[in-house]
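Scrolling down, you'll hit the structures one after another.
Shared chain: subunit A. Partners: subunit B in the first complex, subunit C in the second.
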Partner chain A sequence: MTGTPSLNVVNLKTHFFIREGVVRAVDGVSFSVDQGEVLGIVGESGCGKSITARSILRLVPNPPGRTVDGRIEFEGKDLLELSESEMRKVRGNRISMIFQDPMTYLNPTMKVGDQITEVLRLHLDMNETQARARTLELFRDVNIPEPEGRLDNYPHEFSGGMRQRVMIAMALACEPGLLIADEPTTALDVTVQAQILDLLRRIRDDLNSAIILITHDLGVVAEICDKVVVMYAGQVVEQANVYDLFDEPKHPYTRGLLDSLPTPEHRVDQLKPIPGQPPDLLRIPKGCNFAPRCAYCMQKCIDEEPPFREVAPGHMSRCWLDSVTQTAVAAAE
Partner chain B sequence: MTTQDHAIAVVAADTQEPPPPRGQLRLFVDAFASNKLAVAGLVVFVLAILVALTADVISPYDPNAQDLAVRLMGPSAEHWLGTDQYGRDLLSRVIHGTQISLMVGIVSITIATLCGVTAGALSGYLGGFVDDIIMRCMDVLLAFPALILAIGILAVLGPSILNVVIVIAVVSTPQIARITRSAVLTQKEEEYVQAAIVIGLPMHVRLFKHVLLNCLAPITVQATLLVANAIIVETSLSFLGLGVRPPTPTWGTILFEGKDYILLGMWWMSVFPGIAIILAMLGLNLLGDGLRDALDPRIRGADA
Partner chain C sequence: MEKLLEVAGLKKYFPIRKGSLFSRETKYVRAVDDVSFDIHKGEVLGLVGESGSGKTTTGRLLVRLLKATEGDIVFEGKDTQAMTDAQFRPLRRDMQFIFQDPYSSLNPRLTVAHAIAEPIRLHGVATGKEVEERVGDLMNTVGLNPRMASRYPHEFSGGQRQRIGIARALALNPKLIIADEPVSALDVSIQAQVLNLLHRLRDEFGLSYLFIAHDLNVVQHLCERIAVMYLGKLVEVADRESLYAEPLHPYTQALTSAIPVPNPRAKRDRVLLKGEIPSPVNPPSGCHFHPRCQFATEQCRQVVPTLKKVNATRSVACHLY
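Let's look at the complex of A and B:
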């Protein structure tokens, strides 16, 4: 299923320089996605997952935001070193993105067909007729019923799920090597969610694209992802394939996330929420970012930042503990 | 969008046989047509344009032909609106005046719209340094009352129709620029602009196609109202002798020539061009208000 790496992000740091100081929204994030692989980026609001995605496409508003360090290797190039015009040729062409709220990401005054043909004409140099034919094909691919009649509709004439399909059709127009989906199902109801996830799975198989799925919904992750990156306070705290992560979470934060999921066995009133709040990114604590909320916190966690290390084959965790079920290695020292 | 728009979207998505969806244009036309005052304004404006276009055909006399035998005659069967001190037919002069006054108003505001939209759009979209420079220049122009500024510039350039057009364009540009800037500022934060960046559209396409398309409503309304204002400015300048020079008839020059005779009881020389001005103003303002109501989805939804 997996193949050559499509995207390789190394030590990405995107900071926001505001009057109060420097917000380290993304602070040394590394991960890679292979072709035909779905990577999930999980974390609570404000943990830096969306900023990571936007940094890849270099969409972070500057000022105040700036990617200060790192490499984003994609198709043999470091995206951070491209000029703005070279970057434009990547956006919408080799890397495309879909968003959480399909209601507002389509231009309300343009026919949806025109919005897609615009992409095709820009990147693939198609003429009007070719672009229209291709758009029709795309509408069929994303299962829009009666696509012929829908090309000349305006966005407000579509339902939420249909609009998300239009967005996906637009993102797929140039058969991108990488698709970034920023909470693509959050604004949709559950049945539509399942259809959209199905669609993403088909894209992965048919186009062999890499997909990065940003979500806070672990159910969605379990459904579709091959690999998962868990983010907390701008850092990756755990990375593993999806089975290992759900079976044996190594980091206390991931553990907490899983424990706060409702399941048939755990009713809502028996859930264990993670106490406290994520740290203020302006004042990151000295030791482990998660220490103040961690049930396994030791003196060492407060004094020293834990390294991001391999705790099991292919399973990385940023914790002094090898596993949350095991007594501390570090404590024994 | 409006509840009405939503209702349509829902109907279109849910039923098997969707009714033909009504486009934005159709909704706008419906809203506009149901506003009687706006339609009246449009009719007046269209009539004025027709009069201006057919001036040479419908005028009973040459507007500049003098016939001293009939000078200073009141309205009569031969001269419906009377004659002036040179015996020129007032009706023909008012008709030809329509031509010049409308032409000056429309051409100058077209120029002002092109300049103002470009300046305002760049200012709003780019922000920062560019915004500061452009908007401070506009503030300088706005700091003077339009008429005073126009008089000042004309005093330097000298009176002529071309100069009047230039001057009105200059004093109107800031109005359009400000309206455009504020509309662009609102629109550029919209997420579809983000999406346009994500699909790799270059900046000028994003701004001049995607963003401005969504700013058309306030700009159109402002431009319509500014045409009315431009006609007033032209009339005032001509009345003051700084605009179009006699004998070329414009509403302002006819009024100017007639002012000395009002107290002698020869009211028609001032009253008829005055009525023409009032009608044009009324028509354009009603049209502008009607456009604003019809283009604003919130108001449109409310009375539909």
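Let's look at the complex of A and C:
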């Protein structure tokens, strides 16, 4: 059922303390995701998507990284308050993660089947036979052809798409309440991508899991997400349901992203890239993080940081523009 | 339109040794297996297809980064396969390759000016002060400020680095650019900068491109004709409008239906492909696509379909047509 919150992230701040200073990789991020809901997190490379995901699982390398503020509420607990051993029970069990590059997370010297049975025995206390039977079932669920013969293969004997399916099978082993997928299809072909997205949709529907999908592909977002969070330079700049986001993007950065997309409609005209580059996270500007690249930038944007506020029902944006227009409208009336 | 490049019956078989040391059996990866196509002057031909289908190998064969096993590559009427490396050398200037990865394709120890000047010096097209001027011009052309000439690659963003790669490729006034996934590694807003640039260069200099990509939205944006590759063979070649409006080959149908559309209201009629792309060492009999094709017949299992013209602007290799 949707409407039941699975994860609630409040004012999350994860910084890296390096010689040159403090990298504010995640700087006050808040969002929530319900059971049976797919939340998309989008944004330019380096804006803090992966560090947000890793912060939820408390997998940020420390040092130099540290979550310095915020709450991560999941199934009635604040994950930031748990001991490391309690957290280990959450990871890979109630919350699973799949990564862009499965090869980094699969053990190359271990048969893929064994890697999953190990998880099952560890978290669900299954014996060898039960675990093996369940692994076979999981392989079938993720559409690995001829699953019986495949259990005893090593990761390098699989194609990229199949390895990603093994990762997903492993992530599903304990029927997690929350699945975090960090760019799960970026390295794959569109036809394989379509198969994986189909699989994620089935997981949402059959297990009623909450899913966080990190991607920079707005096509993928439109395809599968119910709700979208747009990040820019360590902050959430816009949040809305998927229809509102594409129909009426509010934040100038989101509009810029949509205008950059090569779509059939954009073909004849030129594409409109966002000028400039994201700020150095060591030297975040004073006012709005997007101000130096924003076509609507006003003096207020340079002086003061815009608040994250509701600009339409259920539609949040971090921009002075809407409030200014609204104030102007109110004044005129 | 005049033909710039004509490719006929192109093959690249990579030998691999399988089994024990004593069996001495050599097998082959049929990376490119009898591929034919043309590129006209000023045309952008897109080459798409599943990972491992032979796109990069095809591109590398054209510029002789690899030697073909068989087939003809005719550039401006000259058969390049008959040429010695020395005879081919001047043609290297006319055909330039842009690499996918803007991070690893530039030497980190060379300044931007050096990187762009390198091909100019190597081919002796300019000397002394002229080189500097040419570098400045090229930087302007690709939208980089010439004042940044003394900086090193790590000081640039991905899109800027990709533009340095493009400036290098333009340095020798080529006629054909082979761009292998030039925007795949980039964010959409940076990707848009590079696509606009490629678009503009074509208009300004009448360049032709072979544009290799797997993002069909990008291909649709830039290419007027598109060739679709599957397991070493071209399965369909068509003009952009008809390919997207009415893909003929069942593989093209699956491919175009899998394109993620950035519109949550778009209706999706997806052809989900079963199974995996088979091995190019042991490709399936008959039509290479038949094990995954929902329309496969006995004929498809036995007879290899050839690329046939179905009308003036398109060809398809499928027994259904």
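Criterion: the second predicted complex is superposed on the first by the 318 of 333 C-alpha atoms of A that agree within 3 Å, B and C clash if a C-alpha of one lies under 4 Å from a C-alpha of the other, contacts with A are read in each partner's own complex, and residues count from 1 in each chain.
Everything that follows uses one rule, which is that a residue touches a chain if its C-beta (ideal position, glycine included) is under 8 Å from a C-beta of that chain, and two chains touch if they have at least 3 such contacts.
Just so you know, these numbers come straight off a predicted model, no measurement behind them.
Participant: For the three-chain arrangement built by superposition, which of subunit B and subunit C touches the greater number of subunit A residues?
Facilitator: C
Participant: Contacts for A:V119 in the overlay, against subunit B (first) and subunit C (second): which applies, first, second, both or neither?
Facilitator: A:V119: touches subunit B, not subunit C.
Participant: Quick check for you: in the superposed arrangement, does A:V33 touch first (subunit B), second (subunit C), both or neither?
Facilitator: In the superposed model, A:V33 contacts neither subunit B nor subunit C.
Participant: With the two complexes superposed on chain A, say which partner A:D101 touches: subunit B (first), subunit C (second), both, or neither.
Facilitator: After superposition on chain A, A:D101 lies in contact with subunit B alone.
Participant: Between subunit B (first) and subunit C (second), which does A:L258 come into contact with in this model arrangement: first, second, both, or neither?
Facilitator: Once the two structures are laid over each other on A, A:L258 reaches subunit C alone.
Participant: Mind working out whether A:M170 is in touch with subunit B, subunit C, both or neither, as first, second, both or neither?
Facilitator: first
Participant: By the touch definition at the top of the document, which applies to A:S159: first (subunit B), second (subunit C), both, or neither?
Facilitator: Both partners, subunit B and subunit C.
Participant: One more residue to check, A:P273. First (subunit B), second (subunit C), both or neither?
Facilitator: A:P273 contacts subunit C only, not subunit B.
Participant: Determine where on subunit A the residues touched by subunit B overlap those touched by subunit C, and list them.
Facilitator: 159, 162
Participant: State the interface residues of subunit A toward subunit C in the complex, per the touch definition above.
Facilitator: Touching subunit C from subunit A are residues 44-45, 145, 159-162, 188-195, 197-198, 216-223, 242-243, 246, 256-258, 260-264, 266-267, 270-274, 277.
Participant: Of all residues in subunit C, which touch subunit A in the complex?
Facilitator: Residues of subunit C touching subunit A: 50-51, 157-158, 187-193, 195-196, 199, 214-218, 220-222, 244, 254-255, 257-266, 268, 270, 272-273, 275-277.
Participant: Report the residues of subunit A in contact with subunit B in the complex, numbered from low to high.
Facilitator: Against subunit B, the touching part of subunit A is residues 57, 59, 85, 88-93, 96-97, 99, 101, 104-110, 118-119, 122-123, 153-154, 156-159, 162, 167, 170.
Participant: Can you name the residues of subunit B that touch subunit A in the complex?
Facilitator: Subunit B reaches subunit A through residues 1, 5-6, 8-10, 12-14, 21, 23-24, 190-192, 194-202, 210, 213-214, 216.
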